[in-house]
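Worksheet: one structure, shown below.
Each chain carries a letter (A, B, C and D) given by its place in the written order, and its residues are counted from 1.
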Amino acid sequence: MVLSGIFPALTTPFARDGSVSLTDLKHNLHLYNQTDLAGYVVIGSTGESVLLTKAEMDAILVAAREAAAKNKKLIAGTGAESTAETIERTKRAAELGYEVALVKTPYYYKPAYKPSVLIAHYRRVADESPIPVLLYSVPQFTGVALEPAEIVALAEHPNIIGIKDSSGNVQRVTETIVQAPPSFQVLVGAAATVYPSLAVGARGAILALACALPEKCVALYELFRQGHHEKAREVHSLLVRASKLIVSECGIAGVKYVMDQRGYRGGLPRLPLLPLQDEQKKRLSEFLLALEPAAMRA
Amino acid sequence: MVLSGIFPALTTPFARDGSVSLTDLKHNLHLYNQTDLAGYVVIGSTGESVLLTKAEMDAILVAAREAAAKNKKLIAGTGAESTAETIERTKRAAELGYEVALVKTPYYYKPAYKPSVLIAHYRRVADESPIPVLLYSVPQFTGVALEPAEIVALAEHPNIIGIKDSSGNVQRVTETIVQAPPSFQVLVGAAATVYPSLAVGARGAILALACALPEKCVALYELFRQGHHEKAREVHSLLVRASKLIVSECGIAGVKYVMDQRGYRGGLPRLPLLPLQDEQKKRLSEFLLALEPAAMRA
Amino acid sequence: MVLSGIFPALTTPFARDGSVSLTDLKHNLHLYNQTDLAGYVVIGSTGESVLLTKAEMDAILVAAREAAAKNKKLIAGTGAESTAETIERTKRAAELGYEVALVKTPYYYKPAYKPSVLIAHYRRVADESPIPVLLYSVPQFTGVALEPAEIVALAEHPNIIGIKDSSGNVQRVTETIVQAPPSFQVLVGAAATVYPSLAVGARGAILALACALPEKCVALYELFRQGHHEKAREVHSLLVRASKLIVSECGIAGVKYVMDQRGYRGGLPRLPLLPLQDEQKKRLSEFLLALEPAAMRA
Amino acid sequence: MVLSGIFPALTTPFARDGSVSLTDLKHNLHLYNQTDLAGYVVIGSTGESVLLTKAEMDAILVAAREAAAKNKKLIAGTGAESTAETIERTKRAAELGYEVALVKTPYYYKPAYKPSVLIAHYRRVADESPIPVLLYSVPQFTGVALEPAEIVALAEHPNIIGIKDSSGNVQRVTETIVQAPPSFQVLVGAAATVYPSLAVGARGAILALACALPEKCVALYELFRQGHHEKAREVHSLLVRASKLIVSECGIAGVKYVMDQRGYRGGLPRLPLLPLQDEQKKRLSEFLLALEPAAMRA
C-alpha cells in the first residue's frame, strides 16, 4: 500500500437543515475524480468527524466509497478516544472497502497518555485492524504529539505503514524519516510544509487545502517529483499564502467558503464552529480573485 | 440551586469482561450516601465518560439516580464536542432527574475556539437546557481554559449558575470570584487547591479524590466552614500529599486502586488507560497504611 | 533570619536624562520607612535590574542601604546567568550590608538547565555566600520554574532559607510548603495569590504592587495574621483587581505611573520597556479615584 | 552584504583556570580558515556570551578579528536586554571591524514584550548601528519568537538585512521568506532544518554544529547549491542524527567535546553549564567512530 501524492481531507457538507448532505459530498467527489489527487481521506479532522453521530459517519463512508473513482485510494479516519471504539470503527471502515485507517492519538487524559500508553494503544489497534494503519499526530487539535522515538517503535509493527504528521514541525518530520525504516511512509498535514517535507523524503500530504485548491496542491507534488524546483517553489509560495489565509486564519469554515466560490459544495460548518464573518469572506474573495482573475470556476 | 460542599466525581466501575458494572456503582453510592458528601457528579472526566458508549452513559445515569440518597444533589456531565449533542445529552439528563448539567468546553478545534465561539456555544446550551448549567474548565485534559473575561460574560446568563474550574490555578479562581456576581458559584476540581480556594470564596469542590477519601475531603470543608483553620490546614496538608500521589501521579487507575483498598469498588480503567504498575501500587499502599494504620477499611 | 510580612520589590527611578535617580529612590524609601513594610528587595525584577550596568546596581545598593530604616530587612537581588557572577554579586551585597540574597534561576540555556544543573548552581552559590540565600522562581520572566522536588532538595542546604515563588501557582506553593521542612520560608510574588498562599502557610510576599499600594498590601497581611478573615477577603478582592490592572496589564510602567499619582517617584521605565499609552493611564487614574476618592495623596 | 553559506557560531574556549583562552580560539579559527565556511559568528549563544564579562567579550572580538582570514565575513553577537546596551555593544563591534551585528530579542520582561515593543527596540538599534543588523529569534533559549508579521515590518528598515531564525520551525521560516522582500536574507540556526530551509529559499545557516563538523555542514550547502539533491539528502540525514545527538542532547558541552575529538579546542563550558557525563561522552565517541572510522582527526 503506497501512499504517495496529495490526498484531500474531505469536508462534510451539511444541508440547510443541518443534516449531512450526501448529494453535495458526491458532487465534490465527482469533481475531484477528474484531478490527479491520489485518493481521499474520509471523516478526518477536516470532515468535522468529532461533530458527527455514528450513523452519519457510516453514511458518509458508504457514500464516499460509492462516488470515488476506482483509481483513488480510500483512507478512513477511525481514531476514537477508547481503544475498543477505535478498533470497532476501523473494522467497520475495512468492511466498507476502505484500504487504510488513519488513527489519531487519543487525547483527553493527556497526563496519563505517556509514550508507553500511546504505543500500547496503537499496537492493540494495529493487531486487530484488517487494514493497514496510518498513525496520525495533530497536536494543534489534540495537544498530544507523537515524537520520533514512539513513531520509530511503532514503525516496527507490520500493520503500521506510516504517519500523517500535521504538526507543521519539519524538524520532527525529518527526524522521523531519518530514524524510521525506509518503507515507513511519512505524509504531512500542513500545506506550508509540503514542499520542504518532500525535500527531506516525505511521500506526500493529506490536506484540508486540497479540498479547495486541489490542482495547485497536485501541481506542487508533480513539479517536485519531476525535479522542477524553481517552479515548485513558486507554487509553494502560493500555497503558503493560501494556507495561512484560508486554513490557519479561517479554519474549516474558510475551506468550505472557498470551495463554494470554486464550484465545489462547501456550505457551513456545524456548531460550535461558527460561519465566517463578512470581513473574512472579503479577504478570501480578494485572494481568489488575485489567484485566478480570468478563470473563476463558479 | 446551591452547590456548596464536596462532590465526588464518580468513577465508572467495569466488570471483568470490560462491561460497566452497575452493581459496583450502586455499592459505592450506598457507602457514599452515609457520608456528608453534598451530592454526586455522574459521568464526568473521572467517570471515563469519553470512553463510554451512549447506551452505557444512559445506564449509568439511571443507576446512579436510583442509588443516590434523596438529600444528595445530582449533577450530570453532559458536555460533548458538538453543540447539538451537548444539548441532547443535557435534556436527557434532565429527563432522568438530574438537577444540574456540568458542561465541559468543546476542545478539538482549538485554533477555532476563540472566546466568542465558546461564549456562543454555552449560551446556546444554556438557552436550551431545562436545568441549570455549570461551566467546566479542565485545561489539563482539554487544552482549553475558560478565562475570567469569558466566565464573567457567561455568568450573566440566568441559566448558568457557576463553574467547576479544575485548572488548579487559584489566581484564575480568585479573579473569577472577584469579577463575577456574588451569586455565581465557583467550585474547584483539584484537591490541593480546595482549602486556598475556599479561603478566597469558592463554594466547594468536585473531586476525583473524594471517591477514594470522601471523609477527609468532607472534613476539610467542614473545618473550614467552622473556622477551625489550624485543623483545616492539617487536613489540607494530607490532601495535598494524597492528591499528588493518587491523582496526579497515578490518575484514574490510582483513584480506583485506592477505592479497592478502602472497601469501595474501583476496578480497572478502560483502555487506552493502563492499570497501575506494581511499584505504583506499592507506594499507594504504603501511603494508605501511614494514613490509617488501625482502620484499614478493607 | 525570619522573612514574614510584605516586602516591596523596589522600582528603580530614572531621571529625565535616563540616568538612575538616587534622590528619587531615597525619597520613596523615606516614605516606605513610615509604613509597616517588613523590609525591601533591592534590584529585583521590578527594579529593572537586567537593564542596569554593574556600576548602577552598586550605587543603588548603597543608596537603598543608607535610606532604609534600621528595622527594615534588606534583601538584594543577586542572580546572574553565570554561577561565578552570581557569587560575586552576592558577596558584594553582603559587603554592603544586605542580609539576604534573592537569587533567580539562570534562564538562557533552558534545554540544558535540567533539575540537576539548577541544584548544582544553587548549592555552589549557597556554599560561597556570606549571607542566607532565598531561591527565586519567576517563570513568567525566565521560562524556568523551580518545582517542589528541586526546592525540597535545596531546602536541605543550611544557607538556603526559603523561596520567593512568583509563578502565581498556589498548587505549587502549597506542595512546596507541605513537603519542605517547617523552617523553610515560602514567600509569594503575585499579589492576587497572597491571601490564599498565607492560608496554606506562606510567610509573606515580595510584591511590585507594594511599591504603589504599600498600606493595602500590609493591611492584608495584618488582617490575616489577626484572623480577621472577612475583612482580609475584602482587601484581597481589591488587591486582585489592582494587581490585574496595574501589574499584569501595565507592567513596571504601570507600577511607576501609580507611584507618581500617589506621591512616590515612579517615572518612566528604561527601553526596551515603553511608557504607558494614554488609554492605560486613564484606566489607572479611574481605578485610583475609585479607590480613594477623598484621599488622593498627590 | 550577502550572507550565503554556512557560518559556525563559535564556541568560547576556556583555560584550565576558567579564564578565556584566546590561544585556543585562534587555533580553531586557523583550522576553520582552511574550510569553505562563509564566515564566523563571534560571541553568539554558542559562545556562552551570557556567561562572559564585558572585558572578555571585547577580548574575544579582537582576537577573532585578528585570526579570521580576510575572505571570511565577520558577524558579532551584540544583543543585550537593554536597548542602550545593545546599541553600545553594536557600535563597539563595528569599531572592531565586524561587518554585521546579530541582535537577539530582549527576553526577560516577556509579558511586556509585545510585537510593538520588539519592533521599536529593533528600529532604535538599527537606526543607531553603523553596520547592518541581523535579527535573531531563538525561542528555545529566550522564550520569545519573532513572528512573520513583526519580521516583515522590520524588513522595511534599510539597515535590517535579514534574520537568523533558530526556532527550527520551517513553517515560520517559509512564511517569512514568502512575505518579506526578496532582498531580506533568512538564515536558520538548527542543523536539522538547513536542507528543507534551503529548499524554500533560506540563504544559509549559522550553526553550533559547524564548530564540530564544518566540512559536513559546508558539503550540504554546496551539494544543494549545485542541485545534487540525492547526495544532499544523504548529508542531511547525517546532520540530522549528529545535530540531535550532539547539540540537542548534549548542548554546548557536547559541541565542545566533539571539537576536542576532532582536533579543535573545545574544552569545558562555564558554570552553571555542566561537563558531559561519561555515558554521554561514550555515545558521542561511538557516533564519531561510525562517522569517520579511518580518518579520526585527532
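The criterion applied here is as follows: a residue touches a chain if its C-beta (ideal position, glycine included) is under 8 Å from a C-beta of that chain, and two chains touch if they have at least 3 such contacts.
Nothing here was measured: the structure is a model prediction, and the numbers come from that model.
Think of each touching pair as a link: the shortest run of links from chain A to chain C has 2 of them. Counting the residue numbers that touch the partner chain, chain A and chain B have more than half of them in common.
Averaging C-alpha coordinates per chain places the centre of chain A 36 Å away from that of chain D. If each chain is reduced to the centroid of its CA atoms, chain B and chain D end up 50 Å from each other. The multi-chain contact residues of chain C, meaning those touching 2 or more other chains, do not exist; every residue touches at most one other chain. In summary, the structure contains touching chain pairs A-B, A-D, B-C, C-D. Every residue of chain C that touches chain B in the complex is listed here, in rising order: 168-171, 174-175, 178, 190, 192-193, 195-197, 199-201, 227, 229, 233, 236-237, 240-241, 244.
Chain D makes touch with chain C in their complex at residues 18, 45, 50-53, 81-85, 106, 108-113, 116-118, 120-121, 124, 140-143, 248, 251-253, 270-274.
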